[in-house]
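Next up, some structures in structure tokens.
Heads up, the next two complexes both have chain A, just with different partners, chain B and then chain C.
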Partner chain A sequence: MSLTLISFLLFVLKAFVVVMFAMNVAVILTWADRRQGAMIQDRVGPNRAVAWIPTFVAQGLALGPALLVVGAVAFALLKLEPPPEELGQRAMLFSQLGILFTWLTFAVVAGKVQTRGPQSSLDGWLSGIGDPRRIFYAGLIAHFLALFVGLALNDSAFGPQIRALGYGCGAGLLIFSVLGGAAYAAFSIRNEPRVGLRLAGLLHPAADGLKTIFKEDFIPPNADRLLHSLAPFISFFPALVVMAVIPFGDTLCFTIKNGGLGSLMSSMPRDGVCQAAGSLRLQVVDLDVGLLYFFALAGTGIVGAALAGWASDNKYSLLGGVRAASQMVSYEVTMGLTLVGAVMVYGTLRVDKMIEWQSQNAWGIFVQPVAFFLFFTASVAESKRIPFDIPEGESEIVAGYFTEYAGMKFAMFFFAEYIAVVTSAGLMSAIFLGGWDLPFLYRDGVHIAIGGTVLFEQGLPHVLVVVVGALGFVLKTLTLCWLQLMIRWTLPRFRYDQLMRLGWRKLLPASLANVLATGLIVMAIVSAGPEVGQFMALLADCTKAFLAIGGLGGLIYFIVFLVKPVHKRQTLSSSSAQYAIAAGGTRSSRMSA
Partner chain B sequence: MKNETVALGPNQVVGAPVPRPQRSASVQTYIPEIAKGLGITMKHFFQNTKEMAFGQRNDPVLEGIEDGINCISYPEQKRPYPARFRGVHRLTQREDGAPRCVACLCCSTACPAQCIHIEAGEYPEGDPRRGYERFPKRFVIDELRCIFCGFCVEACPVDAIRMDTGVHAAPYDSREQFIFEKDILMGFPGRDGSRLTGNSRHEPGEGGHPGVDRDKH
Partner chain C sequence: MEPLDQELDEAELEMPTEPMLLNVGPAHPAMHGTVRCVMELSGEIIEHVDVQVGYLHRGFEKMCERGTWTQVFPYVDRCNYVSPMLNNVAFALACEKMLGVTVPERCQWYRIILGELARMSDHLTCDGAMAMELGAFTPFLWMIKAREMIWDLLEEETGARLTHSFGRVGGMASPPTDNLKDNARAVTQHILSVVDEVEKLLLGNRIFLDRLEGIGVISQADAISLGWTGPCLRATGVAYDVRKASPYLKYGELDFEVPVGTTGDCFDRFMVRLAEMRQSARIIEQACQRMADKGPVNIDDPRIILPPKEEVYNTIEGTIQHFKIVMEGLKLPAGEVYAYTEGGNGELGFYLVSDGSGTPYRVRIRPPCFLITAGLERIITGAMMADVVPSFGSLNMIGGECDR
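The block that comes next holds the complex of A and B.
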């Protein structure tokens, strides 16, 4: 195959991946938004959609992936003999994974047994352990013991035996826990006539989507039929195609083999640059005007909302359309001007170059904190969501510009709103949170260094680095989406004049001041000597250390939060409570989730 | 100058002036307050999500006073009704399965909604109860008319009609389905699972029975 055909196919594949990511996250967000809102207000929220599947299919779903994992591990164990110098690493990896999966399986099963009561002799033994937390503590101790033994005895006389032991036992534990957990799950549902697949309620958006497709497509009699039907598409597509300029991972490098792409590079030098022919950018299109493309298309979304308002032949729709247009135009100005500061620092309009700058220096949120804050506010306003949702203010103008829409066209406006959330989160994570960059993770592997002092170094394969980076980008994007949903459930709606005052009198001057201050500081640093440059590099390393330590601390805090016991007081004030006690409580029913 | 009465405005309204709320700098800049609000939202979100995921959420009845998710997912989850809840009626039975009802019409007389219809009948010849009491040939309650006031239970002299089934009136498709005949009413158990009552009763011929007979007296 020729190179152009391959690159065309790769382009289609990348576009498919990005569109699927944005649309799926948006669909999930429409549901997660409601579900989170309910959970915050101490309710359960939409989680009742269920697909009933026969028991043997459910058992197959539990056992099939487990068998695949076991087969892969067994293949690695029997067929892929690791080179002796890598045996230590493999042994460490397998033993830690084995211990992790073992205690995780036992803890999950013990938790289940605790809530539903023992049903077999294994259950009885598990409930004899008592609190499932003890399994977690034992697992933690086993992790540290294995780590300590591996590190301490690796170079001693017992080194080879210890390595072989860790390698074999780790793989054995992995196989045992994965297969055992799946078999336990398949065994415990054997008497159920059917099994409900709920996915924590994730089937709800799918059911909603199916429903909207089959709903009546109503067009008001005096509406402009063409424009009324066109408007949802005009607001939907710009929101979606914006993702094209946002890279979702580092460049994948290939070797060149007789004119075509060869295999993936096994590892990369730290500042390695791929040859143009042998590289695969994880970005749909390569645009030198990347950021301008974003603003050009984000501006097009205004037309959809305004058109919908105008074409509906309804006063409230018209008001909503006018409100949407004025609001989006106003906040577009702030959005553009806030990024001017970032563009000045990074010296490029290409988003992938911006991420590379951040990976070599510091994340944008440390370089341009004010710009991040302003851009976040403006992009929430741009997606017309609470607290800036006056274009659809239900209490004033029914539903604003999509009052006269029903079925799938209404859903497309809704969908466009959530895709705008995803794309703006993706852009923010690329420009301000380093995109696919993770602290101290470089192209050649982990490299922890503050200033000139190297603390830790570990080479990693090229593919692993790129995949971990892409996962980091997804995680950052989802976190920013989640933050926008949290804001939506915290703040009340602005009044129209407050919105305009905030946009023009507060955010716009602040973004102009940010541009001025950035320009002065950049000038000062450039004209200062190399000592200042070195100091800035040290500061940049400190921000990375701050991120790494903060992330680790956050993780520990989260685990402590999860393990912390919950104390509830029972209040028995009614005869209902007596009946509830006799029935074993109202909580443990099928819906208790 | 607190709480001093002053006349205000052109109409000289008299009243204590309400002081303007003291808005500190942190409130006026809006951002710290947003952060505080977000913190509260996230606290609830994480706590509730954790409790849902780990099966630690409140029992909505027993732990309903605690913070957290207290809602009941009806109809999968149900709040048990209190002991004296007036549910669908039942006709209690004797030890041998005959209705305790003696067809005295006290309940249908007491009923303010007039939803009880009783046709009385005599026990067959030779039955020890014949001549002492009657039995309902038909005992019909229109559950759609019933207002669940419980007067019938109060009126019954032999503890034959009770509303202790713990079942609330169910919705049906047609009006006919709300007409509960005697066999349906006798089929419901009480909340303790028994179709009898706790009150003892002496059948004619047993020791302790007064031996009163309608034909002789």
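The block that comes next holds the complex of A and C.
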């Protein structure tokens, strides 16, 4: 494809999206890391950064998007007359969305009223309902009722009326709840001189990052000035650009107009392949070397740490730099070898092709389970986080290779570490967790089928499939990031020799054995007859069913976890704490446990 | 065929190497800000180490000689600042030994309860900090949260969180509060659950065990010859605990065990401290059962104990008595005494010399930490750089007590 202006702009846009994704998730991770520590101590955690905005701007922020949504819904209602065969789908969509936004708005407002106390008659009515969780339960019931009524009566004699009712009422509910919620928010802040934007504390790490720009840029007197300044960039840059080969969504298909991209396809057949001219790949660069690019860049990151250690003219830095270099080189070997097995199975180095293979067969974690755990371990070691943080082990060698860094250069090392967590999680979710693939979601919609038995089928528009897949990729990446965060808060760190022993004597032989076993199994399956192939396909479907059920269970568990009330046990309450409460000093006694 | 490098000597081929001299501390995170180690490193191996103490020397013992005996209490608070109540009790006991008086039973139980809580706070800090320095942050936060509850309780009893200055010769500064027993039971229960959780989190963890087992080993004979006491000595298998060996207060009547280790490595020291917290909980429970709810706390001797404020303001005898004790100080009989108790880190002794005036002639503190720190060099020579962290952490060196 020749480089036209459009494709160049698209490239810039994709690069921007990927960089923003990596950096924002890294900021969120920084926040989550500190929040985790705070929660163990019953503190709120980093939440003090606040951006003050004038009240009318805040009101505009609340009302503007709401008016846009209302306008879009009204436009769809009045101008886009749905064809009769799509009315059912549209009615279901609108009614479910309407119910969702209605209970969500009520629950949020009721929760707010509960914490700050009723101020108007509406507040009084809302607090009369009691626990805001009741609104959630009512909403859940309404969701199921609407779904049941829609499915049961769709084909009955009342079908057309029901469809029209669902369509109209759903849209009405949507408009009412979105507009009502925004209006309530705008109304309730009318007397405030200004409104603080806190984003649950997410501004705090951003503010900390900004602060480092204004700090002194300290370079030790005897340091190598050039290398000392270069090292953070060498360490920061590769961590960021690794994301370029990871696709964050399925290829978007367009019609072809004048040899370029036309309009978006409304739907795709299940095995539909986009024509090259009409496809928009959701990855920044389209490299045949794929994984090799990742290894090349991950190897470059080592240089940054080693240089920083050497150029700082500090013995602790030197120790840290040497540790970093040897550790990352050792684990690089394991990383490479574990992926050899995956490459053998997928038969490609391109990450997008790997995801396609996984969507047609089974996720990599089922095909290469050992490789997944080995790769996960090695990539935690590559990102130099606990339990592998010996290059910076703060209790042994102060801060390791970045001891002599301050200000923004320190922040770049710090940030590079978190970005490495995000990019390695993204790569792992692409290679082992199917990337944008979700079980039973194909290009044309949902097909739930085990072997030849079809259980459920529902066509979906092309753009919706791609967007849901991209959200799935984000969710998997965040889950893996969260897992690494939990590891960081659970495990102590290795000693230098124990780490080397683990890398060379355990992980390396294990990854070699994995390559050998994979080779033998792949050969056996290829040379076996078609019955084995069918059996494998059945197994693959079973893994999808397992994933779908597991994912649904996890989602339900998560919702239950969110909804479950938290009981704090009061162990003892000292008189000074009681005085403090009486004086309005603290919101609650410090001595709860 | 001849080898190509025939003219070269093997020794010339190798790069000349010399050990790297590394200054660790006193501002190094592993050195708790109070010790300096000059290490000769060959790679990561410590070939020689020179441990230097004294960075927190504030001349406590000399300062004690300028006030009254009662004015020594704030100084002993600042010796072991992790369990100040134990120091208070120990100094009070030394003075009482010199006077030849015994405090009422209720006060003895009270001192045991507060002292054991302080011991728990000491062990929680040590084990938690040890885990944190190894990178396991969560147990540290759990344990510090539990310690916070102890300090809340002590604040409720004494009015101060850290430096209580609560002991008095012949009693305590104020009687126990009404909910002391309930609070103490609630706190110990919570601490026991924390200990269980920490065991669950750490003892099944291969990395944690690898970092501690066989690290910082010291033999029984060496520990004894260095004068080690407390959990560090008991980790080598010597069941020496002052509370058992020469019971003071009511410890002779209590039912508790002295946990001992076997190998004297960092892991045993960690485990002995965990086990001692359980024993402390047992002691507190027994003391709570046997302590009377009513009754005198201070001894009834106007020469030793300040009169109640009402008497000071309303009677001439009270005023004079108050004036004499405050201005001249208690008159401890001339002579010398050595009294020792089980502190957080081992045998905490006070060697007092009195010339019969109201002012101490000499107060010599025998801190357990000083002698234990003397063994640091021995246990980390030949180890790896990273082993310094658990070895030093498990010794629980408290700068204020070591350097005084």
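Following the convention adopted for this analysis, the second predicted complex is superposed on the first by the 559 of 593 C-alpha atoms of A that agree within 3 Å, B and C clash if a C-alpha of one lies under 4 Å from a C-alpha of the other, contacts with A are read in each partner's own complex, and residues count from 1 in each chain.
The criterion applied here is as follows: a contact is a pair of C-beta atoms (placed from the backbone, for glycine too) under 8 Å apart; a residue touches a chain by one contact, two chains touch by 3 or more.
Quantities reported herein were computed from a predicted structural model and do not represent experimental measurements.
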{"item": "Touching partner for A:579 - first (chain B), second (chain C), both, neither", "value": "first"}
{"item": "Touching partner for A:393 - first (chain B), second (chain C), both, neither", "value": "second"}
{"item": "Touching partner for A:495 - first (chain B), second (chain C), both, neither", "value": "second"}
{"item": "Contacts of A:319 with chain B and chain C, given as first, second, both or neither", "value": "second"}
{"item": "Partner chain(s) touched by A:475 [first = chain B, second = chain C, both, neither]", "value": "neither"}
{"item": "First, second, both or neither for A:561, with chain B first and chain C second", "value": "first"}
{"item": "Partner chain in contact with A:40 - chain B first, chain C second, else both or neither", "value": "both"}
{"item": "Contacts of A:455 with chain B and chain C, given as first, second, both or neither", "value": "neither"}
{"item": "Partner chain in contact with A:115 - chain B first, chain C second, else both or neither", "value": "first"}
{"item": "Intersection of chain A interface sets (partners chain B, chain C)", "value": "40-42, 489-491, 571-572, 574-577, 590-591, 593"}
{"item": "Interface residues, chain A side, partner chain B - complex", "value": "36, 39-44, 48, 111, 114-115, 486-487, 489-491, 561-562, 566, 568-572, 574-581, 583, 585-587, 589-593"}
{"item": "Chain A residues within the chain C interface of the complex", "value": "37, 40-42, 315-316, 319, 386-387, 389-390, 393-398, 489-498, 571-572, 574-577, 590-591, 593"}
{"item": "Touch list for chain C against partner chain A, complex", "value": "20, 22, 28-30, 44, 131-138, 141-142, 144-146, 148-149, 152-153, 155-156, 179, 182-183, 186-187, 190, 201-202, 205, 207-208, 210-211, 384-389"}
{"item": "Chain B residues touching chain A - in the complex, by the definition given at the top", "value": "34, 37-38, 40-42, 44-46, 48-52, 54-73, 76-84, 191"}
